[in-house]
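One chain, subunit A, links the two complexes that follow: it is found with subunit B in the first and with subunit C in the second.
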Partner chain A sequence: MKEISLNILDIAKNSTKAKATLTTITINETEDTLTLIIGDNGCGMDEETVKNVSNPFYTTRTTRKVGMGIPLLKLSAEQTGGSFEIKSKPQDEFPTEHGTVVTAVFNKKHIDFTPLGDVTSSIVTLIQGDPQVDFLFTHNKPQGTVSLDTRELREVLGEVPLDTFEVIMWITDNLNEQYNEVNAQ
Partner chain B sequence: MKVTVNTLLSMDGFSPVAIADGEAQIEGVYIGDLLSWVMGRANAGDAWITIMSNINILAVATLSDVACIILAEGVQLEEEVKTAAQQKGINVISSDMSAYHIAAALSKAL
Partner chain C sequence: MKSLAELQAIKERMQNKVALREGSGDMRVVVGMATCGIAAGARPVLSAFVEEVAAADLTSKVTVSQTGCIGICQFEPVVEVYEADKEKVTYVKMTPEKAKRVVEEHIKGGKVVTEYTLANENA
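After this line comes the complex of A and B, so read on.
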């Protein structure tokens, strides 16, 4: 992917497909590294499937021979001398605490590091696409933190769906404001 | 003139890595190394020139239905990737030339 934010979109959509009710997107940045962690409480995968998802010719969909989201994220992380890992607990083995966590570490100083891109627009697109799912987004930068928890929004909004135009606009403005504040530090 | 993968192999500077269908027709050329970008832009029947060599290139070639992958600048495939190319029926050719010179040669032929 040209930008990591596009990887976020691709990977987080897998969580919705796995019937997650909460998807956690965390970006931890230091001066030298960027760690992307996408976790969910979806149905999880057995060991065999976890082994296979990095293989570009493997997919859970029937319409296409290959699924490229995970292989491309793995490639972009490893291209920077970083690392990639998937851990999963399948629902049938772990009935109370199941789900999947994908972790990619990027070396920011490596010449093949792709820029993060427009994370706000990725998060907003995810919420718009699956307004029934909750998203917890946290971006820890050396100067400060940007965060959004749709569960908190729901408490205030009551029955109003997250994909209502005004809500989406508010989320976009709120995230952009938070980024402006942090970046001004 | 009809240019096939075999035509390309008969030209100077190109050698086979994995050939499944030598009669596959080359109708155009695409050059690119960022796989997600290539995936949405290479056309069916293109000869795709790249310096990437991991297994993901085979998936991209399948998805975009290119006629062949041309590895530029002497890039080699690991044995595992070569075997996978044979299994998936993907044409892979290598050349010591740069992407520019490969494209220029194809431009004359096409």
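After this line comes the complex of A and C, so read on.
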């Protein structure tokens, strides 16, 4: 993947497939590190599956026998001297607080650090792809925070779907404006 | 800053159109957005379709959606166009520029852009 934002798009889609109703995407940045946390309230995975998902020859899909999403994110974090972790609570064992959290830490100053890229585009693509589920996005940078909560948008929009073109454009502009403001600090 | 008041205004404009959307589905553009597609550049291809379909004022007739791995990863980004009573058209190795042409000539004009299709790739 050329940008970490593409890993975000790829991995967050797993949450929707796990029937999450809320996916939380958090990026915490310091001068030296970038921590990506993708959490959901989906069906979760048992211990055996959690062990397997970092193996590229494991996948849930049926079209091919290889699943590269998690191994690619793990590689891009670990090649910067960072770390990678998945924690999961399967629904049958934890009926009220199930879900999965993926955490990847990157060293920004390492030569193999992949740039974050166009996060706005990834968030918008996630919403366009699954307009019925909610996303809570927070990007904490040293100079300020960019955030979006689709539950707040839904409250305003009522039955108008989030993937309506005008709404998609509003979200794009809103996030880009927030980034411009934070980056100008 | 894009405000919630603006979103409210969008809601009011759209409410009348929602009924129209229900009856849509004449044509479906489906973009492969699994790991393989994303890594090959599907994200800007999807954005291009969303924007071009809206620019052509076809959102009530054409839906743009995402799917997982179609199984031909070497041809990603892959886009499928479904139309009632017609055979599915599979476009391969797509770019935002190609997407623009597909909307103009195929989605709007009804003429398949043969040179971008899987059939052409395999010929």
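In this text, the second predicted complex is superposed on the first by the 185 of 185 C-alpha atoms of A that agree within 3 Å, B and C clash if a C-alpha of one lies under 4 Å from a C-alpha of the other, contacts with A are read in each partner's own complex, and residues count from 1 in each chain.
In this text, a residue touches a chain if its C-beta (ideal position, glycine included) is under 8 Å from a C-beta of that chain, and two chains touch if they have at least 3 such contacts.
Note that the structure is predicted; figures quoted are calculated from it, not measured.
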| item | value |
| --- | --- |
| Side-by-side fit of subunit B and subunit C on subunit A, or clash | fit |
| Partner with the higher number of touched subunit A residues, subunit C or subunit B | C |
| Which superposed partner A:Val167 touches (first subunit B, second subunit C, both, neither) | second |
| A:Phe57 touches, of subunit B and subunit C: first, second, both or neither? | first |
| Partner chain in contact with A:Leu75 - subunit B first, subunit C second, else both or neither | first |
| Touched partner set for A:Cys43, first subunit B, second subunit C, both or neither | neither |
| Which superposed partner A:Leu22 touches (first subunit B, second subunit C, both, neither) | neither |
| Which of subunit B and subunit C A:Val182 touches, first, second, both or neither | neither |
| Subunit C, subunit A and subunit B - angle at the middle CA centre, rounded to the nearest 10 degrees | 80 |
| Touching partner for A:Val101 - first (subunit B), second (subunit C), both, neither | neither |
| Contacts of A:Leu136 with subunit B and subunit C, given as first, second, both or neither | neither |
| Per-pair minimum CA distance [subunit C against subunit B, superposed on A] in Å | 5 |
| Interface residues of subunit A shared between complexes with subunit B and subunit C | 1-2, 6, 64, 68, 72 |
| In the complex, subunit A residues that touch subunit B | 1-2, 6, 55-57, 64-66, 68, 71-72, 75 |
| Complex contact set, residues of subunit A against subunit C | 1-2, 6, 9-10, 13, 61, 63-64, 67-69, 72, 118, 121-122, 124-125, 128-129, 152-153, 156-161, 164-168, 170, 173-174, 177-178, 181 |
| Subunit C - residues contacting subunit A, complex | 1-2, 4, 6-8, 10-11, 13-15, 18, 21, 33-36, 38-39, 43-44, 46-47, 50, 53-54, 59, 64-66, 68-71, 73 |
| Residue ranges of subunit B touching subunit A (in the complex, touch as defined) | 34-37, 39, 54-56, 58-60, 62-63, 84, 88 |
